[in-house]
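Each of the next two complexes has subunit A plus one other chain: subunit B in the first, subunit C in the second.
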Partner chain A sequence: MLAFLSSQPVQTALIVGTCAALVSALIGVFTVLRGNAFAGHALADVSSAGGAASFLLGISPLLGFLGMAWIAAFGMEFLGVRKARERDLATGVVLGAGLGLSALFLYLDVTTTSTTGATVSVMFGSLFAISRGLIWPAILAVLAVFSLVGVFYRPLILTAVDPDLATLRGVSPRWMGLLQLLVLGLAVAVCALAIGAVLATALLIGPAGAAIRLSRRPGQAIVWAMLFALAAVWVGIWMAYESYYWFSGNAWPVSFFVVVLIFVFYVLAMLGSAQHRKLRRGAATALPGLQES
Partner chain B sequence: MFSSFMINTWIAGTAIALVAAFVGYFVVIRRSAFAAHALPLGAFPGAAAANLLGVNPFVGLLVFVGMGVLLLRQLARMGRRDVATGLLLVLFLGMGALFLSMTNEYAPEVFSLLFGEMLGVSKADLWPILGICAVVSVLMITIYRPLLLDSSFPDLAALKGIPAARMDLLFLSLLALVTASALPVVGAFLVFTLLVGPPAAAQALSTHPLRSLLLAVIFAEGSIWLAIALSYWSNWPIGFFVGMIGAGLFNLARSYRSWSQRQRGAKLLAIS
Partner chain C sequence: MTNQRAILAVADLSVDLGGRSILRDVSFNLYPGQLCALIGENGAGKTTLLRTLLGLISQRAGTVLIDGEVPRKHRALVGYVPQKITFDPDLPLRTRDLVRLGLDGHHLGLPLWNSRTDAAVDAALQAVGAEDFADRRVGELSGGQQQRAVIAHALVRKPRLLILDEPLANLDFGSANALVDLLGKLIAQQQMTVLVTAHDMNPLIPVMDRLVYLVDGRAATGTVAEVVQPEVLSKLYGYPVSVLRHGGRILVLPDAPENADVANLNRCAGH
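Now for the complex of A and B:
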């Protein structure tokens, strides 16, 4: 355990991973409540083009992910699809264009800058290979997200749960939508840096999806989501570190472990809540006086 | 451009675009864009595993895409469909990353499976692709009417005794077959664009089923031919062109529709 904690790549991985877990849990609850799982996923996928471009431009990958996530977010908003029927299609088309761009940038990365590992690290992440210089930007992004959500917590929740009621209460849906996209972009960038752009979805919707099954109250759900996300990231990093010894020198990727753990948590939460509901219903039929609250 | 090593690509591309347009049309009217995005990514580890075990890639692709269909239906029955779909997709992607990390040719392999490899169609691959496309076309023609009814008016279809659950499974299986045949050429990420882009553009121009379907086929063939040609000339990845042409088509069709609607509105105003 000591060797594990004193290794520098592991320390960096733990810090960046913790950042990703915290923001994704917070933003994930809003995303899942609003039924925006596909949009969140599309945003993460498209941000890969930014990650790929950052190698070409020689800028920080975090900036690359963030820039592209914001462009895509505002692009989707700008396409201005109000009808739910067309929203999925427009999202899909933006997604296709973004991934096409990412194909081009990754190809140019390999041919012009000879960074052969770019495809893997942008798409699937390489948490143990993140440079230490990215720790502070990642922490800053987390602080920005937490303070923005902290200030606008109530209107954000209200817009996510019941947009009509929020409008009645004088909350501007346009500003809240914009704010939501802004923080979603930040969260996507940190997650993409940690476990890769196409796997970032796991952190963004998995812990939140599991948490919402366990608690209907947003505040509680956020706490549950953070617990799930932190457990998945920390245990995942530890397992990936140890897997070097388990498979005689062939370490398995960190992102793989994180994704599998999140999936297991989600399935467990689903089974747990189904069981719970069944028990409650059983109790209600056995004691007719006892009604479900 | 039409030299011997490119012929397989042209034949495979044409066949794939045809069935992709058929199935994609139903993806659009059934609103299952997320499933159409998730299944190709679910098939991706299949190709990676086949590569690792040294078996035919189509075996791996079909096994994994089949698993994807079953799991998708199981998870959808249990909870929020979008979250379940998203998580499943990421789980499969993670597995693909794992399998690929075990092989020696990690990076180039990842790239061609995700973003397509134009020269990836060998003579041995061509027959499975054509076979799958033939099966899909025959099935599609057989179930065209009930599937259309089930997709546009589910209530009416149920009234006529068309089982919705079986239709859903059939549709997902067709989607899976198309995915398995298209993935080696255009890549796991861009199968989705090929499926959704042309039919979505066609749908914006015409809502009449057969006319829209025909337009979708024309758009799909046009975009894949253009993508192959551009990729051949520029040496850039085919996935880039497929993605860009898909987005361009969709935007053009939508702007044309809103322009023609405005024209009609102006004419009506002038008459009254």
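Now for the complex of A and C:
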């Protein structure tokens, strides 16, 4: 354990992974509440084009992911589609175009620069290979997300519950939507850096989806989501580190372990909440009988 | 009563949406403590009228005054219960939380515990009889219970005018009667003024003081006795209609065409 914690790549991985877990859990709950899971997934995928472009431009990959996530977010918002089916269509079209760009940039990365492994690290992440210089930018992104959500917590929840009710309280659903996309972009960038653009969705949606089934209050859901996300990231990093010894010198990717753990948590939460509901229904039907006797 | 200031004054209101004329020259006043029913078929302009009263749509002509001011300035005076909110069963939000959002959902910062807020939320829950499901998720409640939860959300800021859009539309007879009783109680106990839309006026007849009858964007207003008359409604519809009264219930029907033969009528009835 001591060797694990004193290794510098592990320390960086733990810090960046913790950042990713915290922001994704927080934003994930709002994304799932708003029924925006697909848009969140699309943003994460499209951000891969930014990650890929960052190698070509020689900028920080965090900025690359963030830039592209924001471009895609505002693109989707300005397509301004209100019906759910059309929104899915618009999202799908933006997603396709973004991944196309990503294919081009990754091809250029591999052929014109000396970045071998760009494809894997952009798409699927390489947490142990993150440069230490990215720790502070990641922490800043987390602080920005937490302060924005802290300030606009109640208007964001009211808008997620019903946009009309929000309007009547003087809260503009349009502005709240933009704010949410802004922080979603930040969260996506940190997650994409940690476990890759394609797998960022898992961290964004999985813990929040599991938490929502177990909670009766938004704050409670956020705390559960954070616990799930932190457990998945920390245990995932540890397992990947140990897997070096399990598979005789061939360590498996961190992202794989993180994603599998999230999946397991989600399934357990589903089974748990289904069981809970069955018990409650059982109690509800048993009660009248008891009163009669 | 008429020497009081109208809580809601609508004068010569015309509203266009997307280039189409939706409301034309609608006028009516609503005084404190009254229940007014806004009756009309789907597409008659009921929801547009409500959204204009709430300041969500602006009018082409005419005025809307809420306690003498334009709607935007008097948001706190008006509580609104939308037609249908679908709450996902998994939505992590208790009835109590939904009600609290009605009080401080527009405030910045985190929702900290506060005994005054708690007391206001409890009072609103009690006013609609929602204490029993206050701690359950709104998504798990029945349609009637969800509606009570949303009414409590609207009531918690103690509005003087409560506006409900089609509150009876998705309810069974029992829940509909319970809701009508609740509205009567709110008016009696909290001096509330209530505006309700419905396509069937019958469930509301026992409690309504006034009625605005909307047909294709134009309105006839007054008491039931004044408005629900063949002459008034025929003029409004633009073709002859009859008003049938039976056991306190009212049915408005278009007159049969004069040249319609019995066989034709039978065929229509069969379909």
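Rule of thumb we're sticking to: the second predicted complex is superposed on the first by the 288 of 293 C-alpha atoms of A that agree within 3 Å, B and C clash if a C-alpha of one lies under 4 Å from a C-alpha of the other, contacts with A are read in each partner's own complex, and residues count from 1 in each chain.
Throughout what follows, contacts are C-beta pairs under 8 Å (C-beta built on N, C-alpha and C of every residue); 3 or more make two chains touch, one makes a residue touch a chain.
Keep in mind it's a predicted model, so treat the numbers as computed, not measured.
When both complexes are overlaid on chain A, the residue A:221 reaches subunit C alone and has no touch with subunit B.
In the superposed pair of complexes, A:33 makes contact with subunit C only, with no contact to subunit B. By the document's definition of touching, of the two partners only subunit C reaches A:151; subunit B does not. When the two structures are aligned on the shared chain, A:213 is found in touch with subunit B and with subunit C.
Considering which of subunit B and subunit C touches more of subunit A, the answer is B. In the superposition on chain A, A:126 makes contact with neither subunit B nor subunit C. Once chain A of one complex is fitted onto chain A of the other, the partner contacts of A:266 are limited to subunit B, with no touch recorded for subunit C. By the touch criterion defined above, A:164 reaches subunit C but does not reach subunit B. By the document's definition of touching, of the two partners only subunit B reaches A:97; subunit C does not.
Shared interface residues of subunit A, touching subunit B in one complex and subunit C in the other, are 35, 213. Interface residues of subunit B, counted against subunit A in their complex, comprise 28, 31, 33-34, 36-37, 41, 78-80, 82-91, 93-95, 97-98, 100-102, 106-107, 110-111, 114-116, 187, 189-190, 192-193, 196-197, 200, 236-237, 239-244, 246-247, 250-251. Put simply, subunit A touches subunit B in their complex at residues 32, 35, 37-38, 40-41, 45, 85, 88-89, 91-104, 106-107, 110, 116-120, 123-124, 196, 198-199, 201-202, 205-206, 209, 213, 250, 252-253, 255-256, 259-260, 262-263, 266, 270, 274. Across the complex, subunit C meets subunit A through its residues 54, 56, 75, 78, 80, 82, 85, 87-88, 90-94, 97-98, 101-102, 104-111, 135-137, 153. The residues of subunit A lying in touch with subunit C in their complex are 33, 35, 150-155, 157-158, 161-162, 164-171, 211-213, 215-221.
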